[in-house]
């Protein structure tokens, strides 16, 4: 059983961010800070600079400081389990945000209250679905730009996409290399792969930053992204929506970083004693030429 | 009786330079055997072949009749050969004790180092050399002389059959040399052979039984010392005509003849953190001012203070230009040069060529719009290589490949190229062979005749007494007396030093 | 009387001068934390702090030996990541297999470093840079670029999450044993003294007949072994073999060693001061987290980086003043 | 006629080691990698290696003094974060020409200040170079992120982007930049007094000081040049991407630059500064990256291959030196 949360005027809330090296994480942290004011939180935010071990240590120091609730985007599925267990043992309800932990070891409703977030595998599948539906050529030669090697969004987005795309034999993934979720690397890798595989006509990037990098590489090489190369990506950043509007990119599957308000709401319900589902699923939208212009102002 | 060491037909090449070719050496058990030869003759290399530092290209080495194949210093030590290398091979950051007992530490029952026993043993060993210091302090805190004695103490304490000393006395004073000699005699009595390398022929007559002369990587001859004359040895070393050498005399300096010119530099009451406690001196144009004193009396420190290296705590240095000499760069702009005593640490830039080393101090003069005037640079380098007869494959050879004496000449060239007004020479002929020493001294003399002023520091009282116009005697960081040439003798200088030594004790 | 005291004090300062700064800074920071934050001195904070920092202490001490020889080991972070994966794979057999197994893996990579540096004469910076890349790649390859679950049923997790006698984390206890052992090794054995002698002058040490090659090989293997142990701590304390961990660990270990007053050129330094250095740098993080918790100011992650740099600068400057005083006397 | 300098350069064994490695990689690629023998391949590689080469040349100077500079990546981030801040400001929008000059000049100026900071720590305060530059390594990027609040700055500014995307005579602008800097710096090393002083300081600092060389100034100079070049490299990265992400610019650049310098024949203990060697090193590192990527080698295996190649290249030099 997860520890109960008493109803109070103000809560001391811990938010243990894993890293701040990309716009998505920064937007997420900002969302928590913004919510702190409206939701009457004393927010303690830490940053593990990309280290799962440090994230556990950060959670430890927040437990030592006596927080009431913990929101944790676990950097890795397994290494963060001790943090969840320790908070649980200290009587602190834990909500996992945007990534989950290994379900074989730690379970919602038992070790932590709930997981708020989307499904990375599903994101990959939806990107693949869009491609299968909208691709017009006979032969799809795909280059895949992977996220940080070994990270769970990279692994899951690859799995979801690859499995779905394998079912359609028009498509063939000729190269799949890491661009480390970064624009600059995405561009460099694309430049190289374009040389080795000049016939490529689809790029699937695990996030928008790499997709933008790929677009730049294509343009530098005199290709026309959007026309002779279809770009498929995930995240829904402002730059990506702009690229869709400009016709350079086909689709981006949303992966919203704005978890603050949802966190406030779920926590309130939990304190009130309501039943919380183990997975509070976030409805991810999908942005294409049809709706990009409507949503660009709310993007980050 | 078989020889203890028998080296025959040894050959060794370094990147094209032939260091040894067909060198032979035989050492009998319990004898004191000397090797002499000019700089670069191959003495140190021959030893390093023997002790396994270098691998020989040709030849045989036998010890007590058996083939010897040593590949590391440790094996040499275990075979009974203890060596004091020319470049001090000690670890200055570590304590005196460690430097003496390293590798042979006394252990407690648990197998851990017994530091108390180690310190005691070290003190005991050093007492034999008349050294009484805090053995727990880092060795680097002590003077070169002490370090040299520590190196010797270590080697002797290893209970070897052969002790090799490569220029062990080069930085010792007379008293310390005496101590060393008595240790050598003691070793001999115990049946330990000593291989002794030195440029001081006098020493050789005092303690050595036999001598091997080397020239250009070959052994020229081996004699019983009793059968030789100094002149004969020098002739063999240089491969020159006896008469020619006799005519030139043994030192090329001769002080006391110049008319003292105007005062160029005056120092009063110099005190530094490095141990000066009141030094006064004046340097005049065209004279050689000597600094006399025992090791540790503060001669080097005085030179460093004058060159602007060590800040003054009190006192004053007045240069005739009025410039404040507070760092080497200003001193150099005022055409003051400083040839340091430790050429490896303070002198050579090993990777740079002979040319680049020669012109290092005059770079500002060679500057032509930010660039170096290469034609002039070559001209200057070429000039000094010829003038100082520097033995090198060419001006582009890296200086580290030259022998010690030739490196010293390059450094002298560096300062002469500055066309200095005052040149500070700290042990300019230390570790330099007789021939080169003579050359260096005559170069200095010529320059002085042309108006150069020299501040000469030398532990060889002969050089000092014959060369200097005046000698300022230092004692414990203080200037205590000034002596004048002509009429100076070594005995007079030693007398002054001894007198103050005694009065110091009495006070 | 007063003369002797002054003299003794001077001697004392000269002897310990190079590490005095780190102890002073550590004491000051602890005092600051105790006075400013409640729960800072609480058992929970102390034991979790020690548990997390045990990894860094072990690595720093290994690094200290390498640096004492004038070398450097950039591979420690990757090696720890690699061995955490090894430990995770071995965890079903329990700590008695996983711990020695992972440490051996670390030793093996250390031996590779030793081979590059000693036998192939590749500069340590480059050799260990290469193994840093190689070990990271190796960790990803053997793990299939996934974190590797440990066996929660075996006694393996006890090491990283349990406490000895309900008091101190096991990791801290093991670290203490390692530190004391290495301290004795450095101070009281000829191997340790050879390590120090190499840093003070490798050629000289060799000419003295010391086995410098052996000692150099030893320090790289030791450092690898220490990183291996840190990998075990990582796997057992954080629940998984983590091929992506360890980034930047080498730099914080180097910083700890240097903050502890050890000369990067080698020859002078101590195990104790290195531990103090590692604790000091760890404490900065801990204090920043507590400061954020006070709610007065919320320092963004970026400001924390700036502050850490500034703090390092402060300690280094303090250190360099003190050690330059000793250095001067030696030159 | 004797031309001793040329002779020495040509016989330098270190350079042969790198050249051999390069030849091996090129031949391997010609055989194995599809479409390798194409002008576009050349363009891609030149533009990608340019930043490594620029930073590696600066690093070479620092290493020649016996130092090392870990802060180059952070300095790139700082400069790269500043440029868009400046040309996106109201002032620059009002005066585009002045704004562009400021957007290039100010970041480089700040980078030079970082160099002064590093140099001062190393020389005046006697802090070991690894540690001295570790300070900016840690906090420099943090500072860049504080400035931008961590945000990604994107822009479209054709004249600024010329730095990264322009072409001169068909070859990438930054490639020409590398060439110009290399010629300039090798002149400095071989012919200028500063260069000679630099080598002397790296070869034997005490002796250099005793010969009247302003050791502190020379060292500061080396760190300043290195930081300035890092700043320039930061601007190039930003210009290519039309975006500046303080968290990413120059990430791990210090390792690439050091590796390039060393593979190119620089001795870590100082005293030598083969500028063209550094470029050779950068080209090798770039080609290795390219080869592995283009042949679809997985990232983790590529890491191992890279490690092996660094060891092999350095060992080759080592073996030939003895």
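For reference, chains read A, B, C and D in written order, and residue numbers begin at 1 within each chain.
One rule holds in what follows: contacts are C-beta pairs under 8 Å (C-beta built on N, C-alpha and C of every residue); 3 or more make two chains touch, one makes a residue touch a chain.
Here the structure is a predicted model, which means the values were calculated and not measured.
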Furthest chain, CA centroid comparison against subunit C: B
Interchain centroid distance [CA atoms averaged], subunit A/subunit B, Å: 72
Interchain centroid distance [CA atoms averaged], subunit A/subunit D, Å: 34
Distance from subunit C to subunit A - Cα centre to Cα centre, in angstrom: 34
Multi-chain contact sites of subunit D, meaning residues that touch two or more partners: 145, 150, 299-300
Shared interface positions of subunit C, touching two or more other chains: 140, 145, 300-302, 304-305
For subunit B, residues contacting two or more additional chains: none
All pairs of touching chains, each written as two labels joined by a dash: A-C, A-D, B-C, B-D, C-D
Subunit B residues within the subunit C interface of the complex: 53, 72-74, 76-78, 83, 85, 88-94, 98-99, 102-103, 105, 111-113, 115, 138, 140-141, 154
For the subunit B and subunit D complex, residues of the former touching the latter: 307, 309, 328-329, 331-333, 338, 340, 345-353, 356, 360-361, 363-364, 366-367, 370-372, 374, 394-396, 414
Parts of subunit D lying in touch with subunit B, wherever the complex brings them together: 4-5, 7-8, 187, 191-194, 196-197, 199-200, 203-204, 206-214, 267, 271-272
Of subunit C, residues touching subunit B in the complex: 184, 187-190, 193-194, 196-197, 199-201, 203-211, 267-268, 329-331
Of subunit D, residues touching subunit C in the complex: 68, 70, 121, 125-128, 130-132, 134-143, 145-146, 149-150, 255, 258-259, 262, 268, 299-304, 306-308, 310-311, 314-315, 318
